[in-house]
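Okay, so subunit A shows up in both of these, paired with subunit B first and subunit C after.
And now, the complex of A and B:
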């Protein structure tokens, strides 16, 4: 990581402020950065240890949501295609894993890998059929597919266990909520690693190029359909994995959870997180998963929400549905880069650069205006 | 020459679709589904008209279109406690129109130059916000709402009793589609809206405010959505939060795509076709083995088939 930053700086040096490019933090600066890194590590790794089990479950859920957000980021951020049926991919991943473990008697690991494989496979089939469909029409196809999942696929008794839902026990060795939380973190790290490796490969650069302009990308020899399909499959596999983790975290999956509302929450958390910003997307996913918890825990927030003159109280479960779209609209109109844009100065500082409040990256969410 | 060829291929496509449809229905012996499908299709068509209108002018898929209808139904429900039904009906449509104006002003206009996919995300956000507020303020349980006309069996067609409300729905769809067709071809305002959608800069140059037209179109679409909501929903007797979005939006989009996304008669025809396909899939024994709601799957199949085989739809022009 550091090596790439340095080569980058060397390239920039001749024409772009040679003095600034060679910035080295002072000893105090290094200590300060170390303290902040330690605080983040404590919050993620140590803090959950001291919390009761049901709260740790929330944190595991947040990690799984972060994986789902990364999955949507591949599609929405890298390729500029929007999926409004992502709850179907996540839900099918959840049921696939639960089915493999509970009905087929396989191990958790087979379930998780199977869920990711099925997520990728259904993306391959749906993407293969709708390969030429892009942009707004693709959004429509995924939306319709989400409804099909809800009203047809999740009605298959054997897969979903009917109305009662399907049991999804935690894996052996990770039965406690704490251990399972670390397992989720490991999976998140894996997804982040795959994502970052992918974007450094030829395929990743091809995706970014075809998002900017499919025609120009095609001129440079990029197979637009193949790489779009590739991104869709990767996104589907991540979503399936996220779904499996959610299922085993709750030790139970029921069909009615995977509704259209959830698909919109997934899209919102990714956009609010900040497209193409890995830390932003992870924070966005975690934030929306934790929102009910935060409303529940933070007294001032709960009081503020209760002060709104409405006939009923805003329940913690409903809060993401009300606050999410408001945050979404604010993000789109005011700060299109989302959380990722806001934290960019801090991110640069933590990686050993100057604290530059103006380093906000691209000012707009640049999604190509794709026409179907 | 090109036009003639296009017209011919269009006629062939429509003819083929109708023949296939009648073939399916005849094979299954489902005349009742034809009538039921036409009625639900009329509601889809009415929602689809609004979608087409906004797509024609702003080039965006408006996922909030269903919520224009739901907001109108809620207003009807609340107003009917205080005022006569007719007044409540007008009030409901007015509130829906106002909602459309607010959406245009608060969300669409700031994103005027944003990519269309971003605008789509924004309208989906508005839909979710509206649904969430409905749940928050009114609870998730269903509420009863009266019909405009109490007569339930005005005429019987192929063994299906048609209420006044259903007849009104069909009449409204036909009337509004014709009215809009006239508006877009015969009035200056209609032509200006079309011009603004095709060449915004040139339209500005001849002295037409594109932004003002955008407000007008959103108000008009919301008006149509509101009418669709207050006429189609009370037929069922009750409603739940987001009812129009959840039950009408996807079939309506499929109808609009089937009709070519820019064609008002296409939206009308597409609505009826989607309604009939759904009704046949629901009642026919051929689709018994499909788990859950077979109609949903068939609508999805229709959407995929249209987009992969004939993306310009039945009545649309090649993009």
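And now, the complex of A and C:
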């Protein structure tokens, strides 16, 4: 009897784990996946070539926003700390690069690396003094920092032209909007690579552990405060890089852009994008950056926005602040994992798996993830 | 010489004297049990030993060194491993990821090279993953390595937790109610596992445990806490039959004790 059961178990074994190792897509399936991959590649790489320069500038902005969203994802997604002053980090990166290039006469590359370094350094200082507190109180510190930056740092004559703004020319070799767009894509690829490597090595694992349970993380030998600071510095460096790319894309940085409104948009786009999902966060950032453009393109949406009674005229530029909170509510209610959760079946399929509508990531997002 | 020692530790939370002048010792390769009714201050004692609480008075000494002022992660680096009453695992991750995270201090590469993905990192990560396989295999958890922790039954979680703490390569293991959520059969197997750990890994173990047969079977020495104070200490059968222990913890009549 026992033998029969064992044989039976052996026969059953392959069926127990069907999708994981055994699934191979059919030839038609491979072609289908290839077509979708090609379509994505076309949309990202070829489509902008046929568009006018001012639109391509929007696309570059979208890529830079994706980097900013990845920066917030490190803090919000991996460590569970909310930053309400991220516009200051991005803005300081923008001004740092503009200052290095325009005032100091350095090359664009020095400006970009400098912006990332300064972004990391300010996170180190701010985090060093404030990361002994967590959650809501940390959010308040970042909020105040954003306001301080807005009122003080961005008014420094040398750095920002004293409210006049600072010129930030495009780098030589990448003067056209199209070339600059590909440069931004290259930087996005670099950030994605660093982020994915980090999450596959001890630093990222430490972050995920300390987000979920700092006590357990500590018993694993993880220095919780040091690693929270580490995440903050990585986030600051990404933000500085994103800011520099935004600055040179517009060839000009003006101080009033970096207001608290922008910090809200950054947080919303990251959460709507989907915490801890790289594709989701990138899509979220790009979507919010392109929202004014899309509103402009979609006449019915523009008319709908115009119908909202508001003291000021609702320009398409304000669309993220109007549509953002609505999308945020929908995300929190319906899919806490945001866009990342919605595209997960597609993602699995594109990577050669089955199209599984119930696919869930191993690190599913819950509303309680961010305790602020 | 003792490996780990709490010397006259006391701690007070507001109006509650959670521990008063408690001294416990763990010698090399010894399995020490800490028993006592709920609320006796056993977990508080563990929290002071592992560094979550700083005692108001007294010291914690590890291999002759006063570690009272060291942080939790520093003590972990010295070789103190611990499990938690309510399962100390990262629930959103797989068993393997937990065991990899637990090898944090063994990952001999810098954070920056980790982020850049150098070949050394890949080699070390492979070795770490192989260690997960070996440890999980030793504890009979090989099939579960790529399962997410959140869905596993409680008794299994307790074993996964032990495997994970082993991955930190501890010297002394502090287990907080390792047999909770297990039936008598599983608890018996756990006893074999603990004895095996001491033999194969050369560990010294201190454990908080309610399951008296397990304590009597595996422990070399037992402490009994009640209302934050040491009520009795000694060999398992001595403590078990100690009249005060029987009165405080096991019930009035020793005959009902299994």
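The rule is simple: the second predicted complex is superposed on the first by the 327 of 372 C-alpha atoms of A that agree within 3 Å, B and C clash if a C-alpha of one lies under 4 Å from a C-alpha of the other, contacts with A are read in each partner's own complex, and residues count from 1 in each chain.
Here is the rule we go by: a residue touches a chain if its C-beta (ideal position, glycine included) is under 8 Å from a C-beta of that chain, and two chains touch if they have at least 3 such contacts.
These numbers come from a predicted model, not from an experiment.
After superposition on the shared chain, subunit A has more residues touched by B, the comparison being subunit B against subunit C. In the superposition on chain A, contact of A:201 is made with subunit C only, not with subunit B. Of the two partner chains, subunit B is the only one touched by A:326; subunit C is not.
In the superposed model, A:147 makes contact with subunit B only, not with subunit C. In the superposed model, A:219 makes contact with subunit C only, not with subunit B. By the document's definition of touching, of the two partners only subunit B reaches A:155; subunit C does not. Judged by the touch definition given at the top, the superposed model places A:92 against neither subunit B nor subunit C. In the superposed model, A:100 lies in contact with neither subunit B nor subunit C.
Common to the subunit B and subunit C interfaces on subunit A are residues 364. By the touch criterion given at the top, residues 80, 82, 84, 129-130, 132-133, 135-137, 139-141, 143-145, 147-148, 150-157, 260-261, 264-265, 267-268, 271, 310-312, 314, 318, 321-322, 324-326, 328-329, 332-333, 336, 364-372 of subunit A touch subunit B in their complex. Residue ranges of subunit B in contact with subunit A, taken from their complex: 60-61, 63, 106-107, 110-111, 114-118, 120-122, 124-129, 131-133, 135-139, 245-246, 250, 253-254, 257, 290-294, 296-297, 299-300, 303-304, 307-308, 311, 319.
Subunit C meets subunit A in the complex at residues 50-52, 71-73, 76-77, 81-82, 84, 88-94, 97, 100-105, 107, 109, 111, 114-117, 121, 125, 148, 165, 168. By the touch criterion given at the top, residues 193-194, 197-198, 200-206, 208-209, 212-213, 215-224, 230, 234, 362-364 of subunit A touch subunit C in their complex.
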